[in-house]
Amino acid sequence: MSGDRLRLALPVLSLVVLLGAVFYLQPRAMSYFGLNLLFNLAIPVALATISQMMIIMVNDIDLSIGTFVSFCACVTATFVHDTPVIGYMILAAAILAYALLGALIQLRGLPAIVVTLGMSFVWGGLAVLILPSPGGASPEWLKTLMSLKTPLVPIAVVAPLVIALAVHFLIKRSWVGVILQGVGGNDRAMERAGWSLVRLRASAYGLAGLFGVLAGMSLVGLTTAADANIALRYTLLSIAGVILGGGEFVGGRISPFGAVIGALTLTLAASFLSFLRLSPDWQIGAQGAILILVLAVRLVFIRKGAVA
Amino acid sequence: MTNNASEPMTAATPVRALLSKPWIWAFLAAAITFGATSLIAGSGAGSLFYAALTFASFSAIVGIGQMLVITLGPGNVDLSIPASMTLAATLALKFMDSETAMILPGLLVAIGVGIGCGVINFGLILLLRIPPIIATLSASFLYQSLAIWSNRGLRIKPPEPLAEFATGGALGIPNIAVVGILLAILAWVVLERAIAGRWISAIGQNLRAARLSGVPVNAVRFGVYVNSAVCAALAGFLLASFSGGANLNMGTEYMLMSIAVVVIGGSSIGGGNSNVPGIWGAALFMFLIVSMLNSYGLGAGIRLILTGVVIVGVVALASRKGYDV
Amino acid sequence: MQTISGAPDAPVVALDAAHMSFGPVQALRAASIEIKAGECVGLVGHNGAGKSTLANVINGRLTPTEGAVQYRVSDPAHKNSENAQASGVRSVFQELSLCPNLTVLENLRIPYRNMPRKGWRKIASQKMSDALDLVFPGHGIRPRATVGDLSIAERQMVEIAIAFADRDSEPSLVILDEPTSSLDAAIAQQLLDHIKRYCSEGGAVLFISHMMGEIFDVSTRIVIMKDGQIVDDNPAQAFTRQSIVDAMGHVAPDDDAQGSARSERELGPVLVSSAIGLNARRGEIVGLAGLAGHGQAEALAQIFFDHSSVWKSGKRPEVVFVAGDRARDGVMPLWSILRNLSLTTLPEFSKRWMVDRPAESGLVQKWKDRIGIRTNNLLNPILSLSGGNQQKVLFARALASSAPLVVMDDPMRGVDIGTKKEVYQMIQNEAAKGRSFLWYSTETDEILECDRVFVFRAGEIAAELVGDEISEENILHASFEMQEAVK
Amino acid sequence: ADTSDKRIALSNNYAGNSWRQAMLESWQKVGEAAVADGKVASADAFTTSENQATEQAAQIQNMILQGYDAIVINAASPTAINGAVKAACDAGITVVSFDGIVQEPCAWRIAVDFQQMGREQVKYLAERYPEGGNLLEIRGLAGVFVDDEISAGIHDEVKNSNFEIVGSVHGDWAQDVAQKAVAGILPSLPEIVGVVTQGGDGYGAAQAIGATDRAMPTIVMGNRQDELQWWSDEKAANGYETTSLSIAPGVSTLAFWVAQQVLDGNEVPKDLTVPFLAISQDELEDALKTTPKGSVANVEYSLEDAKAVIASSK
C-alpha cells in the first residue's frame, strides 16, 4: 500500500466508526436533516484546517489561524455586509498580509510559530476594534449559500467533499502544488533548482490566508453574525485536524482529503459525546479522552521506525 | 554568503558581544517599556518594578519548563501547562484547607500532581505515539475535568504563613521572584554545565543521531516533560497562594505566555538551543507591555495589536540567519 | 527541446584565478581550470582540499571572491548560477537534493523549470523512466514511487538520473560530487559506464571521488587539489595511483600490511550475536557485505539498539555507533566540533552529572591530533568542516569511548585515501587491544580488512566468509546467488 | 398542559469559575427535584470544553437531534449561535436564554440589565463621594457582550457624576489576571477613591492595592465569598464600607421554570428581566453565612417565584 493511501486509511476509518456510533446512539441523525445538523459547522473548520495544512506543508505552524478566522468573520459581518467593496478589499489585503508574512519569515529566517503567535494578537486586536461587541450580520447571499438545500445529500456533506477535491487537485495534482510541497520536503533542493523560496513560502501563506478568509465567511454564513472571539479554538482544532488526517509536522507530508476528514472527525467526536450524556464534570475530560483514543488508533498504522 | 556565525569568537567590543546574545533583545524591550511606563508612573516606578518582578516570576517559572520542552525539537510543546497549574493548585489548596501545619505536605501534593501530569503527558507521547501538541492538549482536558470534579470551583484560602510568604518580599525583591530566579539559575546550570543539558540539546537537533550517539533519549524526554509539569504545578501552587486561592480558570493565560516568553527570550524554536536569561527578560517584558499600554489608556484592541507587533518586531530583530549555502 | 547556444568548441566553463574565502578560511586559491565538451575530469584531493568549493564555484552557487568564471553562455547581466543553468551545467551534490515527500517523477519537475504544463505528469514520468533506463538499466524504480520509500542507493540513482535527464535543455556539464558513495559496486559500474558513454558523445563531466579505481576508470583528465590549490592537471595517462597519492600530500601507507594483522590476532569469546545469525567475537573485525540496501544497515541498527538503552546511560557503554549518513544519523548541526566530538563519551569522562570541561577539551584535542581534523579552532561550528572532516569527528566520537563493540554503518563515505589508511590502522590497533568491530561497507577494500565477512542478500545472511575466503569474487558470488552458507 | 414527558436541556458554554459551578449545581438541584416530582421527564446539563460560540452552536444542533423539547442556553455570544437557535426554533423547540442571552427573536430572553449594573455601581459611589474623585475600572474579556454592556453603563453614569475614570484594565473575569493588571497600572495612577468592577475581580483588586502603600479605595464587590469575607474582615478592622452586586447563579433555575411554563402552554413574554442580587453593608453578615466557602452568593427560584416574575413583566 502506498504511503499516501495508508495515511488516509486511519482518518477514514475513525470517521466511519464514529459515525456508526453516532447513528447507533441517535438514529435520527441518519437523515438529510440530521446529517446537515451534524456536519454544517464542520465546513468552516474544514476550511481552517486546509489553511493550517498549507502552512504545515512548508514545515511551519500557524498559531494565529483562529484569531485570523475570527477577524475575517468580523469583517464579513460588518464591512462585507454594509459596504461590500471595502469589505472585499479588506479581505484581499488580509490575504496579502499573510503572503507578506510568509515572505518575511523566509527572508529573515524567522520561526513561524513565533511570528504567528505575535500575529494572533494583531488579528485579535483588529477583530476587537471592528466588533467591540458581538453583532453584525451575514450578507444575504452567504446565508442563502450556507443553507442551500442540495438534492439528496445535504450541503454539509457536499461542501467538505468539494473543498477536499478542489484542494487535492491544486496541491496534489498540479505542478504548483508539487513545487509548494517541495519546500516542505527539502527547501535546499528547491533553492538549488533556482526556485525563489521567498516567493514559494509567500504563496503557501497566501493560500493559507485565502482559506482562512473562506473559513471566516462560511462561518458567518452559518451563524448569521460574528464576534471577536468566535473562532479562537480553530487554531488547535485545525492543527489536530491536519495531524489526524495523516499529516506530519515536518517533511511536507500532508493530505487534503485527510485534513478535511480530520476536521469532520473532530466535529463528530464532540457530538458523539453529547449523545452519551455524561455528567457535566466529565464532559470536558471526555473530549480529551476521545481525542486520545482516535489518535491512539494511529499507532496501528504507523510503521515501526527504528527510533521512536 | 558568509555570516558572523562562522567566524570564530574573536575579541569583539563588549557591546558587540552583548548584542550578539540572543536574549539581549528581550531585556532591551523590557527596559524600553519600563522607561515608557515610568514616564507616567514617575515616583511609582519603584513599585512598578516590584510588581513586574512579582508577576514575571510566574511566567518565568512556567517558561523554564516550557523552554526545555521546546528545546527537544520541532513539534515539542506542552499545552497542558494551564491545566496542570490549576489541578495542582486546586488539589493542594483543598488538601491544606488553610491549615498552617499542612503547608509542606501541600507543596508535596502540588509537586506530586505535577509529576503525575508529566508522566501521563509523556506516556501518551511515548506509548501511544501521539504528537506532543495534541497529546498534551488532550490530557489537559482530562486534568481540567479532574480539577472541576475535585472541588467544583470553590476557592479555598491558602494557609496564612504561605500567603504571607507568597505576597511578601525582602530588600525590594519579592519572595516569589527569588524562587523564580533560583529556578532560572538551576535551569541554566543544567543546560549549560550538566550532561543532561547536552543531551536535551542533542535530542532537539537530531533525535535519531542522539539515540545513535548513546543518549538515553527516552529518559531525557521523560525528565523534560515531567519537569515542565512540575514547574507548572509549582507556579500554580505559588499563584494560588499569592492570589488567595485557586480558580478553575487561573492558568488560562499561561498557555500562550509560556510559549511567548520562550521565543521572545531568544530560544530557537526549532529546538536544540535554549536560553535561560531570555526567559526572564521576556517575562518582564510581557508584563510591562500590558502595563504600559494600560497606563497610556489604550483600549483592548490597540493593546492587543501593539503586543503582537512588538512580539514580531523583537523576533525579527533578534533573528540571525543560519547556514544558508 | 532547446540546445545550448554559443560557440560549440568553446569550453563549457572556464575559471580564471578564482579565489574563494570564507572568513579566514581560504577554501580556493587562484584556481584556473577549463572544461571542454567530451572531457571527463576526475577531481581528487584530501578532505577539505576544496573540491566541493571548486564544484560550487563552477555551478554558480558560490560567487568567487576574486577571479572570473566564464560560461559558454555568459550574460554579464545575469548571476553566475543563472548563466550556469543556461549553459547546461548540472550538479549532483553529495547530500541528497531530492524531496522525500514527493514521487520520483515529481522530483524531476523541480529542476525542470520550463516543463510543459499540460499533461506534465505523463511527460515527467516518461522522461524519468528514460533517464533511469539510460544510466541504470534494470533499475526497478517506478517513477510514481515516493522517494521517501526508496533506499538510499535508489535515491542516489534517481538524483543522478535527474542530472542526466533530457529536460528543457541538454546537459553540457554534469558535476558529480562523490556520487558512488552509497552505491554498491555493480550499480557504480553502470554509472561509470554511462559517464564514459556520455563523454564520448560530447558531454562533459566533473567527477569527484576518493576512489582511485573509479577515477582511473572514467577520467580523461585528472585534477589534483591540495589545500585549496590545483596542484596538478594532466591527462589521466600521466598518473599512477602512487603519483596521485603523492601529489595529494599524504604519506603513502604500505599496502602489504593489509591482511597480515588479521592472522596474528587472537580472538576472544563471542561478544554479541543477533537473531539472524550475525555475531562477533572479542577483538574481531566483522564485515557486512553485499549489495547496498539488502538489510545490512538494519542488522547493524538492531544490534546497536539491542545493546544500548533509551532509558539509561552509564560509564561503560556496551556499544557505540559510527554513522555513515552524517546528516541523518550523526551530526548535531547547531553545535561546535568540540561538542559534537564529546557527545558519546560525556558520562565516561565526567564525574557525576556535570560535564568535566577541562577533561572534555583535553579529550577532544587529543582526538583532533590523532585523527587529523583540519580546523584551526575546535569551537567552530561542525558545519564549517568539509564533509570528510565531519566524518572524522563522528569516528572520533565513537572511538573515544571505552565500549567493547563498535558498530560502523559505512563510515568512510567521503573520507580521503590517506585518512582511510590511517583509520584502518587505528581499527586494527583497537582490535588488537580487544575491541570488536561490526563494519558495513560498500567498498571492497574495506571488506578485505575484515577477519570475517557476512554477505547479505534480501535481508538475510547469504554467506559467511572467513580468512582467505574473503575475496571480491566470493562476495560478489554470494551477493547475487543464494548459496548454502559456509558454516 | 402536562409537561411530565417533556425533556429540557441546558446548554452551557463555560464551567471554569465558581459562578458557573454554582449555576450548574443549582440547575442540577432544581432539575432533579422537578424530575422526581414528575414535573418534567429530564433536565440534562451540557457544557462545552472550551468557551467558544462555534462549539456551543454544534452542541445546540446536537440537542435538536436528540429531540429535546426545550433548550435553556447560557450563550457564549449573543449573535454567533443565532443560526443554531433558529434551527432549534424551526424544529419546534422552545429556546430560553439567560445571563448570556441570544438575539435571535424566536428565543426567550431572561436578561440582566447589565448597563444598569454598571450604573448602580457608580450611583453607589456617587452617594459615598458626592464631591467625586478618580475611579479605576476593571473590565472583563474584550469583545464579549457583557463586558461591553457593563462598561457602557459605567461610563454613561460617570458622565452624570463628578467622577473621572483614570484607568481601565481588562481582568478577563479571572481573579489573578485582574490582580496582575491592576498591579501593573497602579503605579501610574493618581489617587483613586473607587474601583468599579464586573463581578469577581474585587478581591484581586484589593490584593493588588493592598500590596502597595496606597489607601484602600472603595471597591465594588461581586458577591464572591472571598470578596465578602475580605470585606467583612476589613469592616471589623476599620469599618470599611462598600457594596456588592452581581447576578445570582440560580438564575439558571428561573430559566428552567420559564421553559417549563412555555411548554405548559402558558403565555410568557419573550423578554423577562431579573433583578441582580445586591448585598449592602447591613446584609453582609447574613449573606456571608449563607454562602458556601469559596462560592458565590446565590438564590434559587421555585416554580412560584418564576410565575411571579412572569406575571410582573406582562
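In order of appearance the chains are A, B, C and D, and numbering begins at 1 in each one.
One rule holds for everything that comes next: contacts are C-beta pairs under 8 Å (C-beta built on N, C-alpha and C of every residue); 3 or more make two chains touch, one makes a residue touch a chain.
Computed from a predicted structure; not experimentally measured.
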item: Chain-contact steps, minimal, separating subunit C from subunit A; value: 1
item: Between the pairs A-B and A-D, the one where more C-beta pairs touch; value: A-B
item: Chain whose average C-alpha position is farthest from subunit A's own; value: C
item: Rounded Å distance between subunit A and subunit B, as computed from the means of their C-alpha atoms; value: 29
item: Distance between chain centroids, defined by C-alpha means - subunit A, subunit D (Å); value: 34
item: Centroid distance [mean C-alpha coordinates] between subunit C and subunit B, Å; value: 44
item: Centre distance in Å when subunit C and subunit D are each reduced to the mean of their C-alpha atoms; value: 71
item: Junction residues of subunit A - those touching two or more other chains; value: 127-128, 132, 283-284, 287-288, 306, 308
item: Per-residue multi-chain contacts in subunit D, two or more chains; value: 15, 49, 142-143
item: Junction residues of subunit C, two or more chains touched; value: 61, 310
item: All pairs of touching chains, each written as two labels joined by a dash; value: A-B, A-C, A-D, B-C, B-D
item: Residues of subunit C defined as touching subunit A within the complex; value: 61, 81-82, 85, 91, 93, 96-102, 106, 109-111, 113, 115, 117, 120-121, 146, 148-149, 298, 301, 305, 310
item: Residues of subunit A that touch subunit D when the two form their complex; value: 26, 28-29, 34, 37-38, 40-41, 44-45, 127-128, 131-136, 219, 222-234, 267, 270-271, 274-275, 277, 280, 283-284, 287-288
item: Partner subunit B, residues of subunit D touching it in the complex; value: 15-18, 20-22, 25, 49, 139, 142-143, 167-170, 172-177, 179-181, 183-189, 203-204, 207-208, 211-212, 224-226, 292-295
item: Subunit C residues within the subunit B interface of the complex; value: 22-24, 56, 61-62, 304, 308-313, 317, 320-321, 323, 328-335, 339, 343-344, 346-347, 350, 353-355, 376-377, 379-381, 383-384, 397, 401
item: In the complex with subunit C, residue positions of subunit A that touch it; value: 2-4, 173, 175, 178-179, 181-182, 184-186, 188-190, 192-195, 251-253, 306, 308
